[in-house]
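Shared between the two complexes below is subunit A, which has subunit B as its partner in the first and subunit C in the second.
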Partner chain A sequence: MTLFTDTFLIALIAGMAASGVPLLLAGLGEQLSEKAGVLNVGIEGMMLGGAYLGFYIAWATESVGLGFVGGVAGGILVAALMALFCVRMGLNQIVIGIALTLGAEGATALLHHVQFSRLYPRLPDVATWRIPVLADIPIVGPALFDREPVVYLAVALVPFLVYVYRRTHLGLALQAAGDKPAALDSAGQNVLIIRSFAVLGCGALVGLGGAFMSIVGAGVFVPFMSHGNGFIGIVLAMLARGRPLWVLLGAALFGACLSAATALQVAGVDIPTDVVQMLPFLAVMAVLLIAGRNAKLPAALGAAYVRGER
Partner chain B sequence: MLDAHPSSPSTTPSTEAPPIVTFEGVTKRYPGIIANDSIDMEFRAGEVHVLLGENGAGKSTLVSMLSGLQQPDDGRILIDGVEKPISSPAEALDIGISTVFQHSMLVPSLTLVENATLGRKWWQRPDRSGTAKAMQDAAKRIGVTLDPMAVTGDLSLGERQQAEITRALMRGARFLILDEATAMLTPNDAARLGELMRRLAAEGMAVVFITHKLNEAVAYGDRISVLRLGKKVGGLSPEDLKSLDAQEATNQVVRLMFGTRDTTASADQKPDMSTVDRGAKPSLEVLALYADAARVPLSNLEFKVWPGEILGIAGIDGNGQKQLAAALAGQAPISDGRIVLDGAYIDRLSIGQRRAKGLRYVTDDRLGEGTVGGFPMSINLLLKEIGRMPYWRGGLEQPEAIRENARQKVKDFDIRTPSIDTPVGKLSGGNIQKVLLARELSGSARVVIFEKPTYGLDLANISATQMRIRETAQNGAAVILISTELDELLSLSHRIAVMDQGGIAGIVENTEDARHKIGELMSGVEK
Partner chain C sequence: MSADTMTDTAQTGNLQRKLHAISNTLLMSLGPVAAAFVLSGVILLILDVNPFSYYGYVFGRGLLSPTGVQATLTRMGPLLLIAASLIVAFRAGIWNLGGDAQFLVGAVFCAAFTPLMAPHVPVWIGLLAGAAISAIFGALWTLVPAFLRAYQGLNEIITTLMMNFLGISLASVLVKLVFLDPNTTVPQTRTLAVEDRLPTLFGTTISSGLIIGLVAILAVHFMMTKTAFGLRLRVVGGNASAAVHAGLAVPLLTVAVFAISGALAGLSGGVAILGQYGNVRADWNPGYSLAVVPLVFLARFNGFAAIGFVGLFSIMSIGAESAARRTGVPNYFTLVTIGILLVMLAISEYYGAKRQKAGA
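This part shows the complex of A and B:
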């Protein structure tokens, strides 16, 4: 078949990495938050916060590194609201999450409009790190091993989080906060602090993902640019349950679907782009049908913890 | 199970030991009620201090203040003679106060070892093998065997409690609170926990044991305090307990708990064996019943129940009793075998059709599958007849008919409720049970399945419920009584079947040596 040319494959795989990284970070963040029992529907908003602040700082300081720091800060900023309302005050997590998403959409669009009006300034391309030897592999090499440093960082987070969940007390505490918060409390640890930490950590990861979209992926900030990526992150976390490696696999799958649209155009296949753009969402439904049936979520997910209430 | 008073509970000179925790005039108010009203109490090392009281007497509130979950509104708490608030669970742990709650406080998805290391500094790595060893050692010290690497969710409730007590010991607890710890245990596990309490007290630990059950209080306690409506109404000192025999002590406690009313001593009653005519046609026949339930598959169950007979189902909790009830009621599919009700096969019928034929199921999950907590009591009484005449006509509610039915049931079943419109979830456990009984026993009940009908009830409601069960049989219905309380089964049933791992280990007539035979069947001696 002529479809699978080198150009097509490189475009597909490179695109998979580009669209998979925000999904990976969103999924890992949501997983962290859900592990501790906070169903974070606001990650779409955190992603936008990261995308906007990351882009703005990268543009203002002309430093990609500071831009990513700004992205993390933007995600944490939105997450702090979530921690305040849902963990501290115990309000409904779904309502607050939706409010944060809608609020962040409006706020970032407004800020962008005030600062840039109708201009969409572009950032220069981000320098890549070429990994010797691996980058010389045909097709896969240039697509995966000649990338921006933040891509490697995102992938390196996977084993790091596996370590945290399996090998540290923090991992145990996170799981206890999600499964039986009262047990954690009676063991003398503060459930609200553990949960706040998880939500802020989620914000940091998701914000980084948002910054990746605006700084590396697009090079511009466009209002509403997160475009459902945060919600796919929620699906990834739900499918992967507690396992970061599964988030990586899921992100690769959905990333490939997202990049197929571009890759198919590169290959000159004549399919309406609208149909191709539906691919990732069809994939979500298909994977949910196949693998989502036995997805077991933390017992206390979505429930605010109030001491003494049983 | 506890007829014999165990050898002198107070081996240590407990009155001389200084109190670890002292309550002075401790008061806790909630909106509308005073949960604890000016409580004075001392908890001493080397003593098992039993807190007795009916549902809502204020025991749980007292415990939550001891464990740091709640703060008193008034009064003082002294620790080792010095005034000091117990401001949080962490603070309580620092003082050496550990609590084992009725519902396990272990994270089900973690192993015992991981549960034991919860609460350490977050940056440290859990030392699994070291903790496992420490856990084994602590367990051995108190005569408990456990597997530290087992996932908590796979263990029985009794095992989880032993693990929790072991964990408390590892943390250096010197003050152990057992909050209704025996409520959900099998008789054997409860007795084992009682022995464990005695050993802990002998080691110098202060044990606070909260229970409904008088026999346990008298058997394991050094000191008994009785709470009623938030007040401490009296108690028995170690000297009292030593000088009185078990029966006298029980009577004295009953007087404190209920005023002058005496215990009905239901365990001494025996069912009237002559009322059952085994020559007649059985009401219910179960023939070679199999079911593929996920946890405990049922295999080859075979028994008959005659009109007017009470068939007890004994066995350690979780050996298929629940599955049997669900299969009979039609809530779970069966894979093979037949169920015959009054000569007609019912195993293909739906839940509603079986109910219409007179099969009733009083579940033990009263607020879960039994009632809808937010619905008014009057609707809950008709939950299984929604849409039917005369309470609904053409899909429209007939409020007057519904209210009339509720008023009648309230009178007949002595349901204590502020009004018939009160949401059922706001009633006490005993009254929720009465609502269930009123619903299931009305109409023409032919076969009634009671599942742990007295679990979690206080004494007055237990005897009311047991009377209702007797009455049901006397009215000619066949009764299947599932219970983990051996005394209850022996006092009510004509025959008792013992379930073991989804099968019936044997069925014995309720004669003098029934207790012994059932014990053998339960422990698997006789196969």
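This part shows the complex of A and C:
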């Protein structure tokens, strides 16, 4: 096999990290929201909100750090609408989710059109942090341990969330809000606050993922750039059954699919872009066909909590 | 008081109640539309565009100009078929969000085979075959989500969305690599000759696809509300475990719903090709399905109301294209309006339910 040269492998693994990070953040965010009982179909809209605001602020302030803060804010902004409509008012989560996705697609494309009108300014490359020793490992080292700080942050979130879910009061409250909200209410906790917190936290994570796409991944904002990544995040959350570590593994798998095409092109194999774009979704369907039976979701998912009802 | 006047008052009471219910429904449906127009107008103001002149262009082109209104009515045909596809699915409690791919896959296969057949068979056979091909491929594209939902209980929102992305890319691949017309340099399928297309109505340019759409949505409305099969589907949608206890073959019915819904979406693509476009160009995706989802909700899954909302949307989408050219507001703006419309709809539903509870 001449295909598996060093350049091919480095391109594959580095690409896996680059396209896996938005998926990881989307999956972790959706998992947080679903744990608390809110099926977040608006995740695609949150991602676009983060991608747009993150890019805009990074471009306007010429600071990558502020850009990421903006991305988090952009995601939270869309999530706040979700929290207001679906948690506070108890409206249909799927209808509002679709509305936020369509609305954010339109709004970010419109804003981009008004502000940059097809100029597509490009951001400079983001500086990386080189981890000593590990970065010297051949192939894997430069691909995984000489990366943008956000990549390390995203991976570090995994053990952090495991700790929150397993060991803290908050984790227990989140779980209860999704499985038996009435019990949480009887225990004196406010279900709506816990759920709102989860939705906003989801927005922050997903928005960061969106900002990663525009600031690190592409260097530009392109209308509709999230291209289903948020929805793949929902699949990851479904298959991970509440475990952050599984989201990480899934994100790595789908990230590899996303980057396989680029890596193949590096290796000199020419595939049409349309076929390339099908790969991750084919992988998702294949995994769902094989493991779909094991997908598990919280009992009260999708149901609004109204005090005193049943 | 005589018996006659008593029945009279009972009747007027009934009538009043009916009128009240109708006005209530109208308010609940048109209120969100009005609110969405106002909010979108505010956004136009922020963009420094006069909302009155923007909407003036929209309705001037989409409704008041003779060519515009014919384009509006022609576009209604495929849109109504999409609405019918969604009503079947949503009434049965199935969230088929992959309509855009079902539409495109149906359209591409229809455009691939019909022009090859057309020269050798009578026009009506060619049209029937083309319509059948589009419906069959539209239905086939729902097969995987249908089985996953029916036999593994897997949420169809995700699977249909994934199949949506797959199908849109597949349609492009097929047009660019497989069904390419060798006689043109533009990547597109072979073109169906104008005389082999669906006839136009009464000497206008309106495609008879409009009639197909109207028939389909009314048929679906009556199937869901008046037939035993429709009742079964609604029971499945209302409460799947109750349906199991009632002895209904839930998995089979689920697959049937997916198939009908996918076939109608595919047929919508077929009608767009057979009546209007004649071929599929690479990367063509009008994105009708996700846009029609909110309209079907506004119509409360009612076929008659859906015709009205689809008509309004058709006017807006034809009109927006001309308004975009004149005012410089890109077409994305329609997406924002739809998002706002959905939110307004959900809010009106919220207050409607609250009022109902307060009344009870």
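In the analysis below, the second predicted complex is superposed on the first by the 307 of 310 C-alpha atoms of A that agree within 3 Å, B and C clash if a C-alpha of one lies under 4 Å from a C-alpha of the other, contacts with A are read in each partner's own complex, and residues count from 1 in each chain.
Convention: a contact is a pair of C-beta atoms (placed from the backbone, for glycine too) under 8 Å apart; a residue touches a chain by one contact, two chains touch by 3 or more.
Note that the structure is a prediction, hence the values are computed from the model and not measured.
Engineer: So, does A:A182 touch the first partner subunit B, the second partner subunit C, both, or neither?
Structural biologist: In the superposed model, A:A182 contacts subunit B only, not subunit C.
Engineer: Quick one: classify A:H169 as touching subunit B (first), subunit C (second), both or neither.
Structural biologist: A:H169 contacts subunit B only, not subunit C.
Engineer: Can A:I94 be said to touch subunit B (first), subunit C (second), both, or neither?
Structural biologist: Second partner only.
Engineer: On subunit A, which partner's contacts cover more residues, subunit B's or subunit C's?
Structural biologist: C
Engineer: Which part of subunit A faces subunit B closely enough to touch in the complex?
Structural biologist: Listed in rising order, the residues are 167-170, 172-173, 175-176, 179-180, 182-190, 299, 307-308, 310.
Engineer: Per the contact definition, I'd like the list of subunit C residues that touch subunit A in the complex.
Structural biologist: Touching subunit A: residues 47, 95, 97, 144, 148, 152-155, 157-159, 161-163, 165-166, 169-170, 172-173, 176-177, 290, 293-294, 297, 329-330, 332-343, 345-347, 349-350 of subunit C.
Engineer: Help me check something: in the complex, which residues belonging to subunit B touch subunit A?
Structural biologist: 64, 67, 69-70, 88-90, 93-94, 99, 101, 103, 105-110, 114-115, 117-126
Engineer: Residues of subunit A touching subunit C in their complex?
Structural biologist: These residues of subunit A touch subunit C: 41, 81, 85, 89-92, 94-96, 98-107, 109-110, 113-114, 223, 227-228, 231-232, 234-235, 238, 272, 274-275, 277-278, 281-282, 284-285, 288-289, 292-293, 295, 297.
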